[in-house]
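Below are two complexes that have chain A in common, paired first with chain B and then with chain C.
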Partner chain A sequence: MDKIFDVTYIFHSIPLIAKALPLTLFIMILSLFFGLILGLLLTAMKLKNNIIINSIANGYVAFIRGTPPLLQLFLVFYGLPLVVHSIGIDINDWDKVVFAIITFSLNSSAFLSEVMRSAYLAVDVGQREAALSIGMNTIQTITRVIIPQAFVIAVPNLGNLIISLLKETSYVFTIGVIDILGKAKLIGANGYGVRQLEVYIGVAFIYWAICLIIEKMISLYEHMHTSKFLKNNADH
Partner chain B sequence: MAFDVQFAIKTFPTILTGVPMTLFITMFSIIIGLYIGLLIAICRINEIPILKTIAAVYVSFIRGTPILIQLYIVFYGVPELLTYLQQSGVLTLSTYGLPHIMIALLAFTMNASAYLSENIRSALNSVDKGQLEAAYSIGMTSSQSLRRIIIPQALVVALPNFSNVFLEIAKDTSLAFSVMIVEIMATATVAASSGYRYLEAYVDAAIIYFIVCYIFGKLFVFLENRLKRYKNISL
Partner chain C sequence: MIEIKDIHKKFGKNEVLKGINLKVNKGEVVVILGPSGSGKTTLLRCINFLEKADQGELSIGDTNITFKNATKKEILQIRRQTAMVFQSYNLFHHKTVIENVMEGLTTVRKVPKKDAEEISKKMLHKVGLSDKYNYYPAQLSGGQQQRVGIARALALNPEVILFDEPTSALDPELVGEVLSVMKKIATEGMTMVVVTHEMLFAKDIASRVIFMEGGVIVEEGTPDEIFNNPKEERTKEFLKRTASF
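And now, the complex of A and B:
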């Protein structure tokens, strides 16, 4: 080794690491999808006027927010097979990716429910009353009047959530899933591991780029929305 | 293999010994991170050329990459940097065996400083400009007005976010085991591996993290209420 640090190796390693990018995005998007469904359920539970249902939802959210995601991953990875085994199903040979998706779905659902709840409460009560008064039923009111408005309010927080979820998917290599960090580790271990630093900088650039893209998309959406809103107002 | 409650209870005190390390890393990085974060925020608010850009890129990089990768970059990067400095004769100190705790502290401090700088920036911006002008007009210097007028008010705004960053860092320290720091997560893994009782040990760890986060969450709420007291004083 004549050179300690080889910058060209960073650029050499990025395309190799990026081969695992689909898996990282797959875990992120599926977790987000299931997290949204579960989060919706949690939000509904929190908004109910029932102390028991409320405290179940709040307790769940407090637990998820109070423990590290890495620990949650380990709990699901080691705990879920035991729990499911007790009702007679063997999931030991399931793909590890499934455990990762379950963990991050459970994790993101708690944070999503907080975002959804605050967005829901931010929509003026009058909107709901107006919708009900023109004869919409509860489901129509929620899907046609509340959610479209709440979504706009939730977008900035949603963006932050997606970014932190993306970063948290980097923990999956600890249970043996080869995501982009796992791939980077494998490549870094080649050649007696003298090029580890370059590889990790390479993978950092990939994460950074995706985060910037997500941020850009969010701000583009906000920009589009505000301009649309302003145009509508100008027409009146 | 069912859940062994006996084992979980027996190992609980063992895992508890990892708490001081977790808290040490968290507090160290938050306290030092506050100072660095303040510097970054000042650079960005006063729009100092070059420094402003460097600060923006730094914050964006830290916020855009997982803490785990930042740990690895520091873990592999700092020794290489030191070796390089040594070879070029800048540094004469022996760098053999840089303690791992230094690596973890450096990585977490950098991480905390980036997040805190954003909070400090928004908190400082939230204080009315008239306050600073009033402070100047009665003859305070820049540092006096910052220390006595701006910061006490900004602190109230910033505290809920500080609390979030603090708890985030506390949870993120669970990754420090990857650079061989023995904190809660590592003690749990070690305790578990003796009998392959990972679930029990991790449940213990989860309870400990939850309690730690709960206590500090409550502490910050208490602090926030105390800092808000000045608002109740009627003139």
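And now, the complex of A and C:
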């Protein structure tokens, strides 16, 4: 009676899985937000001329890049309550989602800081000199001249990181948070698990659709902005 | 009035400025010539502290400072009295032509937007780019970009405009349009210090020509004195090698 593979079940499962989509997006967006803030701080530390500050920032990034995100999630989930307990705070009642957001903020900040740092350095040194020569101070130079140009340079790489972040959120089911992948797993377990392949294909479509939207937004932005900022030709 | 006394600058072990004295009076156009490595660009960049000189004194207008102990505030003061035109133009890529010219006025001098716009339009008209207000630098030719750079400097009405090889990166055909703008502002009385290889320009526009080599001033004088009656051997050598006049 039942087929081995039921294509219609894929489309049947998608709306069910999508009920967890708000949570997936919530984790992704908040992690991105905090990751950007922390990433900015790391970038500033890396650009400073102080070897101690540099080493702290680079050491942090090296650790994050050198360990699997799933492992980092476990370290935060199991380790943070213990660390915080030692100074007398009990966070065992915290929603598990918080641990996920903390992990992915810390994780993405490392990669974001590298993207921001290279974008900052890619801005032509003459821009800074021109700004200084008309009497701008350091803050004005950075905020009005360098960062606007660095941002445009960074956007394609930022887009890649955002997509990576989206996919990393799928790890949260290991700590019992039901995101879209977790939901797919649950639905797939119904009916003795015969429809697992269909639900996983279904959730794959959802990830893919969101990635497409993100990519489209990035390329729209690039299209609108980069034509003006073509690298200066000496003369043409 | 700009005066530099006994300026020294080393890059690592390489002493690039070996004790130069320079005085520029209001309305003068001083052209600095010399081979690569003579220190002429470094000298210019030390004036607005894009390079930090090791030793010496600088006075511009009412501001008197030493290079070594200049405070951030003093450096800003100096920069607000000078403007620079760069070899690679260095226009703000993310801003339009008019925004480029207005930026120094609105952000640095706190001039109200309307007034800044008016001044900027006047300056752009002076350099012949009234029809390009809303263009981005990437949409302009090199000569046009450099003229915007000059307008940007003019808008600030500085004590002196420093020109760092303004035409060196330009197609030969575009050099003329920039030089004629420079001639125009020179005849209007702007004080200018120009590092250039354009000998004919120096002959035509300079009030004074300085020949630098190896970190010192070898000879200085009027264009007539330098080009037609050089006294120093090294000056004669240089002029012979660059025979373009």
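Operating definition for what follows: the second predicted complex is superposed on the first by the 224 of 236 C-alpha atoms of A that agree within 3 Å, B and C clash if a C-alpha of one lies under 4 Å from a C-alpha of the other, contacts with A are read in each partner's own complex, and residues count from 1 in each chain.
Quick note on the criterion: a residue touches a chain if its C-beta (ideal position, glycine included) is under 8 Å from a C-beta of that chain, and two chains touch if they have at least 3 such contacts.
Everything quoted here is computed from the prediction, not taken from an experiment.
Of the two partner chains placed around the shared chain by superposition, chain B is the only one that A:Y200 touches, whereas chain C remains out of contact.
Touch criterion met: A:N137 reaches chain C, while chain B stays clear of it. By the touch criterion defined above, A:C211 lies against chain B but remains apart from chain C after alignment on the C-alpha atoms of chain A.
Looking at the shared chain after the overlay, A:G59 reaches neither chain B nor chain C.
Contacts of A:G176 after superposition on the shared chain: neither chain B nor chain C is touched. In the superposed model, A:E168 makes contact with chain B only, not with chain C. In the overlay built on the shared chain, the residue A:P22 is in contact with neither chain B nor chain C.
Once the two complexes are laid over each other on the shared chain, residue contacts for A:L70 go to chain B alone; chain C is not touched.
Residues of chain B that touch chain A in their complex: 1-3, 60-61, 63-70, 72-73, 76-77, 80, 83-84, 87, 167, 171-172, 174-175, 185, 198-199, 202-203, 205-206, 209-210, 213-214, 217. Those residues of chain C whose C-beta lies close enough to touch chain A in the complex are 48-50, 72, 76, 79-80, 82-84, 86, 88-94, 103-104, 107-109, 136-139, 141-143, 145, 152-153, 156, 169-171, 174. Residues 124, 126-127, 129-137, 140, 144-145, 148-149, 152, 227-236 of chain A touch chain C in their complex.
Within the complex formed with chain B, the chain A residues making contact are 4-5, 62-63, 65-72, 74-75, 78-79, 82, 86, 163, 167-168, 170-171, 181, 196-197, 200-201, 203-204, 207-208, 211-212.
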